[in-house]
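To keep things clear, I will list the structure first and then write my remarks on it.
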Amino acid sequence: MAGSPVVAELDLGGSGKQVGRLRVPLSRDDSGWGTQLVPIVVLANGSGPTVLLTAGNHGDEYEGQVALLDLARSLRPEEVRGRVILLPAMHYPACAAGKRLSPIDGRDFNRCFPGDPFGSFAQVLAHYVDSALLPLCDMQMDLHSGGTGMDILPSAVGHALDDPDMMTRTLAMADAFGAPITLVLREVNAGPTLLASAERRGIVALSSELGGGGRLHPENLAITKRGARNVLRHAGVLEGAPEVGPYGPSRRMTVPDMGHYVFAPVDGIWEAADPLGTDVTAGAPAGRLHRTEDPGADPIPLTYAATGLLWCVRFAGRVKAGDPVAVIARDL
Amino acid sequence: MAGSPVVAELDLGGSGKQVGRLRVPLSRDDSGWGTQLVPIVVLANGSGPTVLLTAGNHGDEYEGQVALLDLARSLRPEEVRGRVILLPAMHYPACAAGKRLSPIDGRDFNRCFPGDPFGSFAQVLAHYVDSALLPLCDMQMDLHSGGTGMDILPSAVGHALDDPDMMTRTLAMADAFGAPITLVLREVNAGPTLLASAERRGIVALSSELGGGGRLHPENLAITKRGARNVLRHAGVLEGAPEVGPYGPSRRMTVPDMGHYVFAPVDGIWEAADPLGTDVTAGAPAGRLHRTEDPGADPIPLTYAATGLLWCVRFAGRVKAGDPVAVIARDL
Amino acid sequence: MAGSPVVAELDLGGSGKQVGRLRVPLSRDDSGWGTQLVPIVVLANGSGPTVLLTAGNHGDEYEGQVALLDLARSLRPEEVRGRVILLPAMHYPACAAGKRLSPIDGRDFNRCFPGDPFGSFAQVLAHYVDSALLPLCDMQMDLHSGGTGMDILPSAVGHALDDPDMMTRTLAMADAFGAPITLVLREVNAGPTLLASAERRGIVALSSELGGGGRLHPENLAITKRGARNVLRHAGVLEGAPEVGPYGPSRRMTVPDMGHYVFAPVDGIWEAADPLGTDVTAGAPAGRLHRTEDPGADPIPLTYAATGLLWCVRFAGRVKAGDPVAVIARDL
Amino acid sequence: MAGSPVVAELDLGGSGKQVGRLRVPLSRDDSGWGTQLVPIVVLANGSGPTVLLTAGNHGDEYEGQVALLDLARSLRPEEVRGRVILLPAMHYPACAAGKRLSPIDGRDFNRCFPGDPFGSFAQVLAHYVDSALLPLCDMQMDLHSGGTGMDILPSAVGHALDDPDMMTRTLAMADAFGAPITLVLREVNAGPTLLASAERRGIVALSSELGGGGRLHPENLAITKRGARNVLRHAGVLEGAPEVGPYGPSRRMTVPDMGHYVFAPVDGIWEAADPLGTDVTAGAPAGRLHRTEDPGADPIPLTYAATGLLWCVRFAGRVKAGDPVAVIARDL
Amino acid sequence: MAGSPVVAELDLGGSGKQVGRLRVPLSRDDSGWGTQLVPIVVLANGSGPTVLLTAGNHGDEYEGQVALLDLARSLRPEEVRGRVILLPAMHYPACAAGKRLSPIDGRDFNRCFPGDPFGSFAQVLAHYVDSALLPLCDMQMDLHSGGTGMDILPSAVGHALDDPDMMTRTLAMADAFGAPITLVLREVNAGPTLLASAERRGIVALSSELGGGGRLHPENLAITKRGARNVLRHAGVLEGAPEVGPYGPSRRMTVPDMGHYVFAPVDGIWEAADPLGTDVTAGAPAGRLHRTEDPGADPIPLTYAATGLLWCVRFAGRVKAGDPVAVIARDL
Amino acid sequence: MAGSPVVAELDLGGSGKQVGRLRVPLSRDDSGWGTQLVPIVVLANGSGPTVLLTAGNHGDEYEGQVALLDLARSLRPEEVRGRVILLPAMHYPACAAGKRLSPIDGRDFNRCFPGDPFGSFAQVLAHYVDSALLPLCDMQMDLHSGGTGMDILPSAVGHALDDPDMMTRTLAMADAFGAPITLVLREVNAGPTLLASAERRGIVALSSELGGGGRLHPENLAITKRGARNVLRHAGVLEGAPEVGPYGPSRRMTVPDMGHYVFAPVDGIWEAADPLGTDVTAGAPAGRLHRTEDPGADPIPLTYAATGLLWCVRFAGRVKAGDPVAVIARDL
């Protein structure tokens, strides 16, 4: 019972630019042998490394999707040395819906790795990416933003790795990507993410957070477009050195622990005290939570539990108990 | 079969500050005589006009909700001459969900007026507001923002009225509210809105658009808080003259017709050419629509069909065919 | 656009015992001309009044359904003088689901009268009952219990009517039914109920509450079976005098106003202080509301707001804000 | 509160061929001012009558949709005398889903006339067709098939009308359409259909049944294409006489009453005794209903209740209690 | 954690004819210990092989269900040598709904093998069939049709097996079944099907496709009834030689690869160029895809990519991007 | 991929009384990093055993939830020797809904053990309880009632264990709990329950059934409160001997096999012959099943298949085919 039921309608080993589709089985009541198409682009020329760039892991994160669509249209195969594989709208059903989660099976695609060839749709697709695409790759980057709920300072995101060589190569890749911030996380339970799957296969890999709020932000789009080409330059797939953005080299930071999060204790409307990117101090007011059910009640004040940079904030006004409303990063 | 089944758990004719609830019947499988509570605040003191301020007509529009919660807490009855009725989270089920539409009956509350005492939940509530609260009022303002989908320059919104006296009084109220923009619309089919219901009852009334994107924007919140108090001052319920904001008097504008809208012709990700508030020219590029299903296809360019101020823009990145992506306003 | 699309598959004017079905149009995706069958029984013999007995107005109220099924099987047409029409599972889709509300359109059938021949399923069926069955009737009784959510002392329920003759005839019918309690209510907004529809047509009519908790209670079933036959005796359709139950003549009571209700102010688990049928005093503890989200918080104590008989109590343990947890009745 | 909120994005009074869209407001959580597009084609040239041809009233009926798409592409405006209005996929959300009912509001579009400008989506669209398009028309034909559930001999369907002139003109139109069968029905409750709306406005109008089974049948498509052009020829909008099909002139039949239907009494799999188009006799076996829940039970035999032509049969194998499995027509 | 929670309410090892039920645990909100009943029939007499015949793997495939219900009623135990186990409506919740997928968990039952005793309903049932029934069997056949979406030439379907002896025995069984066509497939990912589960256990096994369109086709029903008895004769469970159908011996064919499929590239209505069973040529027109959203657009022509017999066609008119519209078979 | 993503917001190893929350990741469309809070209380003092008491495994079982909330509020840490861990509303989303199954993933929490750290919500939470809490424990009791569907005589429930020492210790714990009945079951497939998970880890453990009907029964609440404290006394965590209830020592019983269940063969309304707690005899009438679809049909009589005590009865009036309506226990 090995193998994936997914079929790539192009030649992953072919040369030139190919625009094709993954054909993922999806049985419907009115189409038992129906398939869901997932767009894929492969550019290959001569020998060189293989880089996989992905976006649309979550459907409501747009900077990566548009940057990779742009790259797919603008990149000429003769520019390439090696191979570029692009999945600009990877978890396609979620992308088509403009939602984080899939309308098909309700799954968060980035909690489905390494997948299951006979599981639900998201698991089948995750299994294909893990078992059929990752083994071809030397380098991988998965382009995220904060989605409908969160807004985040544009950042490359990597894991703190025990292998010093892999750590060095990961940081070098992040420097090349050149986001304003590089966040290095020690994620204990990252197992079900694409990033962790890539790491398990020994691939130099990054994730990212490039804005949020469920919108396409023009500045973050520019960072993402530049960063995607920078990764290809860094890998040697494109010629030339990575291009530095107007904000200079990437600032290395981390979110040390859960003590750097602020969570909403009850449902309400969140009124933040500070905008994204503020330097905040432990104990200072983080904002107020308004309980709409009782106009006579005072809003609940929350405070920061740590000192540092306000790296991520709640964007959508309405929160539920347990939602993070602020995440603070510190310099490494 | 007249009358509303809604019960107000306070005395609408009483004095002082009362924080109470509307009890709206909502039969559930596990509670046949269940009721949905809708918070209401009444402040009354001496003789004077009655002003009804409402927010949360749509659940994902937050500036009005927080401004009225703040007003409910901070207003002292002895400041008041007449009566203030506040519904800070009017369509409560939608507010609790943080959604435009009701999770109970899927209705857009602002398409339910004048309501139906034996219809679905939204219709029952609309009927109560129309038949029990509006008859008490001299002035009414319904505080909207653009919601999850749209971002809009902060504006009071009034209807172009045939009665010159009502038009004058409406514009005076809008001047007092003091949003950066006052938009005057000739809406042919506004019948099912709260604003139209108020007008049908001869009440001086306004709607508004005070930001959007599904977030609570601090500047727009400040405009809304000031505006809400300004309306009470203008009505004579609070003492003093309306306070002018830092942006000066309100600029009177209009959106003349459907030719001032730009609509997405197909599904895709919208990349706007200009930020909200730009002066744009007919024929200039409005942005590009990216079709994620085909990375080989060029994005679809759209152009502005009119010249004027970019008053409203699509906020959420993903659009469906038929969604407006831009609305242009012109000075009156 | 008059007339009902519902077809009765028996002869409403025929003699003898007929067991048939109402055929109510219900368009499905896979059966455009599909119909929903609603069981109906008609027994007629000679001349005499027509009595309509209904149950299953709400699907999770069982005493009436089983009592009328029993009556339908056991009654012989030669016992009858006049006509008996029985709808033992009137709102059939709700009955088949064992739910108060319809799984088809989510409607509470008893909020749908006088109905709409081209509305949703419940409205079409209500229109038929109102426009095709009620005009045939001299007397009507709709058998309810408290459903999943509530438990209620077995009672006939009638409206306080302005017409003294109708009031007298209604009370006589209730005395004949012979439940332990007869509750007389002044319902201002009862317009959309079957009872109100019957009254609008000048029919002597009753509703009832005969237990609850979503279960079939054997004692309440006995009361209901006896009461159903008593109504037929009282009408003269069956011979003999109504039979008095072991609890003696019916006690006439009322619930004067909303002040005789206790409502849950927030969500939680309701722990009642007293069992159904207790004599309670205004100000005494009614019970405690346990908030499961916070084990450190004390339960919220609620008190009775009126003195009288605990006529109706919350049955299901979990309540939502706005649910009634107790209703107190007083002797007339 | 008059008027429709629907906007036609073409000039209904213009000349030449216009391919446009109706823009129907449809508020979504992520697009409060969103609109649903409904394709419309208008061809006009010189003076002459206006004919409205519609298909996709139910989304899973395909002959009409493809015939009108073909007509829209192939018809040249210079061929036309007068005006042709085409709605090839009228209830567009149901058409896009390939379902009879709308996925938006669950409504059967042909039970929504004359509509409601402030009702649910289907009601708003029905109101526009009734109030904005029908008043322009001299003749109207709504192209149906049997849908997923039923298979039907290709037929024009008209109402038995009390006005002899209208009856004559309706039959003449049906003769011109030239389906193998013309069915004349006396429908008492046809009020909420498009056909009845057209008749209420004094328009010569027909419906039809042109196959079924949820498939596009090539022979029925040919009948439909020929018939659509024949109606235009009959009206004088196209030159020439209606073309007679290979099966000769249309046979006039009727379904006199409910006694010509066979209904499934319980759920099961329907095994028909005869194919569509068989001459059947009252009392003969119509088929057997297999109850899958009990393999030990014999299938339930059903018999025809009338003699005539098997005009309509159950297509989908699984039926529910109350579904028609056969309809018998008789010559007029 | 071994064992299945499913209980068979008959004695799988008993003699004679037993009609019983599998009792599969299915916890509901209102019945925590509820069970779903799945009908099962066992006929046993003397010594001999055990044959398992199954239908209703997908709920909208009817020939097999009715054939096995007929067999269950008509077979007498004294005719049998050995044992016959029949599951005429195996995935019962899907059968009761007349849908391919389960309304309980949305699963395609034939993608759930070998199942999971503690998974969702379909997984629990698949585990029972695999672990409790298959080990009893010498031969197994699972009766499929094309379902609502597809129409398929009646065929036995077997796998190309590496073990020549198993291949020979499988082909012999298919010859005995005697469908017009025997299709031999090399399915790489067939792991989660019942057929593959049977093969993994060393059982001679077949699947089939016996019509489609969501209807019960009388000719295909006759083929299926004959075939089911032929399998029992071939196994020696019934006496006599398999009966050859009027179309003669089965024609051995295959579908070599994905190049023999035609897929819809976008959503639309499919108009096929040829009926099922046509001999088609690579490059010839396969049909046209009509895009209802734009009546001005030409339909998209599709061509066959291979030469052979049109073995399977799209039945339902509406297709989604990625749906197969034609499958071509070639002689082995 | 080890470890749980759940974070306890208190120190499981700390002293004193801590009221905290488990933070369980739950990605929503509008909050990708959202968490669901599950209340937890830990009381620790000095050295001694650890006892885990849980309730709300199913959300509509209330005696345990209220008893543990009461214990959490009333227990003082200085009374404790060792540690008490309380989860009063363990499967919190189900508890908040007042439903057996989770509204998030539809899972029965007690069929999810030992869980999956990357599965659905219920699986993630079960994995945490199994892998993070159970290893800390010496004794565990999971407090159930019968839920909406069933009513059950208040009982401790333990498994018949092969290890005589564990069996002895389990029975001693049950004696201490002191419910009127102790039921000892040999459950073959109990693998996915919390009780089985505890046993797999060598913990002395019990489940229970303490009433039902979806209500909070005052007598059963008293039994549960006493029992919870008795378990702590028995473990030595609280001082003193277990307190014996007014009904004396617990009666040891068992339900030997499926032959002690009565199941509904079809859908209908269940009318029981006997109340809970009756001594019944094999072959005696158990009750009647009323089929509402046909008032002409006699109810189906069911009989008991075994002799013993009516330990569990169907509570909700409406049953579906396959639902148990009675369970009979026998003395051990």
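Each chain gets a letter, A, B, C, D, E and F, in the order it is written, and its residues are counted from 1.
FYI, a contact is a pair of C-beta atoms (placed from the backbone, for glycine too) under 8 Å apart; a residue touches a chain by one contact, two chains touch by 3 or more.
Everything numeric in this text was worked out from a predicted model, so none of it was measured.
Peer 1: Mind checking chain A against chain F and telling me if their interface is mostly the same residue numbers on each side, over half, or mostly different?
Peer 2: Both copies touch with mostly different residues.
Peer 1: Between D-E and A-E, which chain pair is linked by more C-beta pairs in contact?
Peer 2: Answer by contact count: D-E.
Peer 1: Of the other chains, whose C-alpha centre is the longest way from the centre of chain A?
Peer 2: Centroid comparison gives C as the farthest chain from chain A.
Peer 1: To lay chain E over its twin chain F by CA atoms, how big a turn is needed, in degrees to the nearest 5?
Peer 2: Roughly 120 degrees of rotation.
Peer 1: From the mean C-alpha coordinate of chain D to that of chain F, what's the distance rounded to whole Å?
Peer 2: 57
Peer 1: Taking each chain's centre as the mean position of its Cα atoms, how many Å separate chain C from chain D?
Peer 2: Between these chains, centre-to-centre, one finds 42 Å.
Peer 1: Could you give the separation in Å between the centres of chain C and chain F, each centre being the mean of its C-alpha atoms?
Peer 2: One centre to the other, that is 35 Å.
Peer 1: Mind pulling the chain E residues that touch 2 or more other chains?
Peer 2: In chain E, 30, 37, 60, 98, 148, 293, 316, 318, 321 touch at least two other chains.
Peer 1: For the complex, give me every residue of chain B touching chain D.
Peer 2: 58, 60, 99-101, 106, 108, 111, 146-150, 188-189, 191-192, 258, 263, 316, 318-324
Peer 1: Would you tell me which residues of chain B are touching chain C in their complex?
Peer 2: 1, 3-5, 7, 23, 26-37, 105, 117-118
Peer 1: Can you list the residues on chain F that touch chain C in the complex?
Peer 2: 19, 37, 39, 41, 56, 59-60, 62, 65-66, 68-69, 72-73, 86, 88-89, 92, 95-98, 148, 213-216, 218, 221, 267, 269-272, 275, 290, 292-296, 298-299, 315-318
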